[in-house]
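Here the chain labels run A, B and C in written order, and each chain numbers its own residues starting at 1.
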């Protein structure tokens, strides 16, 4: 039965409203990147610039420190994603499929960190990483946060919902649990891995507080650090700041666009029961 | 069963080693570079670019000039400086040398964080320091920071062209006059005045005016009692309140107090800022118009008396960490950089556009002999009329200043002045109690 | 297959099952039965597989936590010997009006953000259910995009958007005749102002999760209700919400806990001001940490631990409150 036209139009209007208001801040930022300093904030307000200038974006892209920050953050994010996927999926599989002594104890152990606020351990974990000699290295950004109770929980949920049937055959053949994980579960895990992987990448890319405490070396400066510093130092170069922010947000937005299918469906996969 | 036992033992050993590692045993030997030199870590708080350039050049020169000490130069942004320093101290990795402002020297010394430089450097280095500046860094005969520069925190900058247009022929000499002038000068997009408006900025930029109106600070004497409710401070709060509520100043702190961009961009006709603003104004080519049409004057006294202080003498020193394992090497570096050849400092001040002032007598002499320096029009006014009367920064914890400043900010945003000052009074009393300040004032 | 009582010792049972080689028992314990046969091996595999996580969590979460508690009983100085003071700092923190003020600010922020965000997410999720696949996909992606923007970038954007001279918010308000406001300099407006980016950053993922919850509700329920003449509101209140109880509870708890820990937005947008109007608990802790005195170090450490308790209590409270009547199984 065809929906009445009025109703359909109303839905499109509402949808447009949602899209526009959600995207408005980002759109403004991107456009502001094309404005000269005196146009970014002017009265009377104008959304589009009188004069479109490319200089801001070009200048930022040409800034060695900016590009360095983008690149190093990207490298770190990839490594971090790989590490956290590994650590968390291993544990998730063990909890979902294996039975072992002390399981519920270890489960409690692995879940508790979800409830520990970062601020309570900020100083002391700093001392720990400092004593491990990790300060001012990429490792200090990658290793401490790799184990994530929330991610492990999510992947475990997926594995719990995976029918036992797929491993039956392999088990009868005498395959080890490890082999089953490696050859059967992993290839099936695309969905949740993408979701969790994107989540890891995001968390790393957007990190700010931990990097400012632990990273001194300008070569290792993370992109959000760079932006915040830029704002403090050269705060009155508004056009440049907007262009830099837009470019800094770009990779994560692209990631979402590329993997949108997985992400929006991935939320379902876990099934909140 | 064998397996389990040995596995257990192994785990126990691993845990023990790990905890030892994690609880923090720092090495006891002095850090050295590959070729046996002492390694000194130097943190410079990020300032204007010319400062970074000067430091970089001189660090390299120092490293080249001898082969016992190598200095690693690190620039740390101002807004994360405190947390980073704290964290580094917690891990036992505090920098050997760091830039420290005068206000922090005495509190840090009280916590045992700074090394006594008189034990590490020659006596004549200290004789050269100007007496009023020396006071800022001396505790019980020991000197805990070597002064780099002084800069009065409050100078009145004003636009000579806008003054002419408004028919004002001289800078204001009292608070009432200033408000009057601000009213005349506020028109269209230009506001008459700019001054601090957020508690962190007010915390230190209003010290001079606190001295001015009440003769002393909200925590005085032996620090056993708070004096925030001194009736004189009511006038201070009213002054700030009038400027903000009558919209004679920008309503948002787009730029912090220390940044004179409002003035440089022409958005305000008058501005209170530190002397460093001279450097900022001269350095920005977009502000040519303003640069050619401004003058400086001491900030007016509340009652017009020009001998009352209106500014505190802020500035920066180099300090050495009391736990540094390369204190001698660090001292050599400090000596080379700031206590040695006066010409080095003259270069520094020249690069700053003479917006900062010398802390050493010998450097003053060298500057007097320098053509560029002696022809600078503002330098004379500032050193004779402002620096001469300026007071030192308080030695008490920042919490006290912040509590008082919060009262001023509340007043500015239209709050009740008496209530806000009373709140500050209570807050400061709390600080005195918790941080055990009574009787600990230096010089008591 | 029955098990004779004499053979119920662990090891013996395993061997028997292994030798018979026929995993036949149905039901819950089927998996276990096969595993039981390989008991020792699984222990090892399992331990190996959880080892990385256990070790990392141990070094970087549990140890620092224990160490924090230990340190909180000292007046910590890195230069003089730390002085053992027992629970003194706990007293100092709990007596400090600024601490409670920060908690109050955190609570207010949560009150601004959580209900509004949940309602918006619910409405949008409901709406997405009613549109065709293509449009649904577009909407789902669109609402998720702000989620991936960092707090730093969001702060920068909104600082500019809130400007009283040339900011877009004031421009939009001028159409309804509302005067320009200096949002972030106004103690009354600053906190509500930063709740907007707070909502903006979080509503996307919330919407998706709600949507997932909604999809799990069988269409048949709605059809039946419609046949009985139930309108939209009735259907929502009697079917959708009760059947999503677990999801809603989960979202409520995580959103509240997240909101109470908000920190980066006020850090970059207002620094906690004006006059501490946006001094959320974590920001208060972070700022206190800066001061060079040992008092400040111990204070901020202890305050962080106390906040930990507060957050834990809040989660438990919400959970108990809402969960007091167990809902229909979803």
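Assorted remarks:
In this text, a contact is a pair of C-beta atoms (placed from the backbone, for glycine too) under 8 Å apart; a residue touches a chain by one contact, two chains touch by 3 or more.
All values reported here derive from a predicted model rather than from experimental measurement.
Excluding chain A, the assembly's touch network remains one piece. Note on interfaces A-B and A-C: more C-beta pairs are in contact across A-C. Placing every chain at the mean of its C-alpha atoms, the farthest one from chain C is found to be B. If you average the CA atoms of chain A and of chain B, the two centres end up 39 Å from each other. Here the spacing of chain A and chain C, counted between their Cα centres, is 16 Å.
Under the contact definition stated at the top, the residues of chain C that touch 2 or more other chains are 59, 63, 67, 163, 165, 286, 289, 297.
Among the residues of chain B, those in touch with two or more other chains are 22-23, 83, 90, 92. Counting partners per residue, chain A has 43, 123, 127-128, 228 as the residues that reach two or more other chains. Contacts from chain B toward chain A in the complex involve residues 21-26, 46, 74, 76-80, 83-84, 87-88, 90-93, 189, 255, 259, 261, 265.
By the touch rule above, chain B contacts chain C in their complex via residues 18-19, 22-23, 82-83, 85-86, 89-90, 92, 94, 104, 107-108, 111-113, 197-200, 251-254, 322-323, 397-399, 406, 409-410, 413, 415, 427, 430, 434-435. Those residues of chain A that touch chain B in the complex are listed here as 43, 123, 126-128, 130-132, 135, 212-213, 216, 228-229, 232-233, 235-236.
Remark: chain C residues 30-32, 34-36, 38, 41-43, 45-47, 49-50, 52-54, 56-57, 59-65, 67-68, 71, 124, 127, 130-131, 135, 137-146, 148-154, 156-158, 160-161, 163, 165-168, 170-171, 197, 200, 204-205, 208-209, 211-213, 215-216, 246-247, 250, 261, 263-264, 268, 282, 285-286, 289, 297, 300-301, 304-305, 307-308, 311-312, 315, 330 touch chain A in the complex. Contact residues of chain C toward chain B in the complex are 59, 63, 67, 77-80, 92, 96-98, 163-165, 182, 184-187, 271, 273-276, 286, 289-297.
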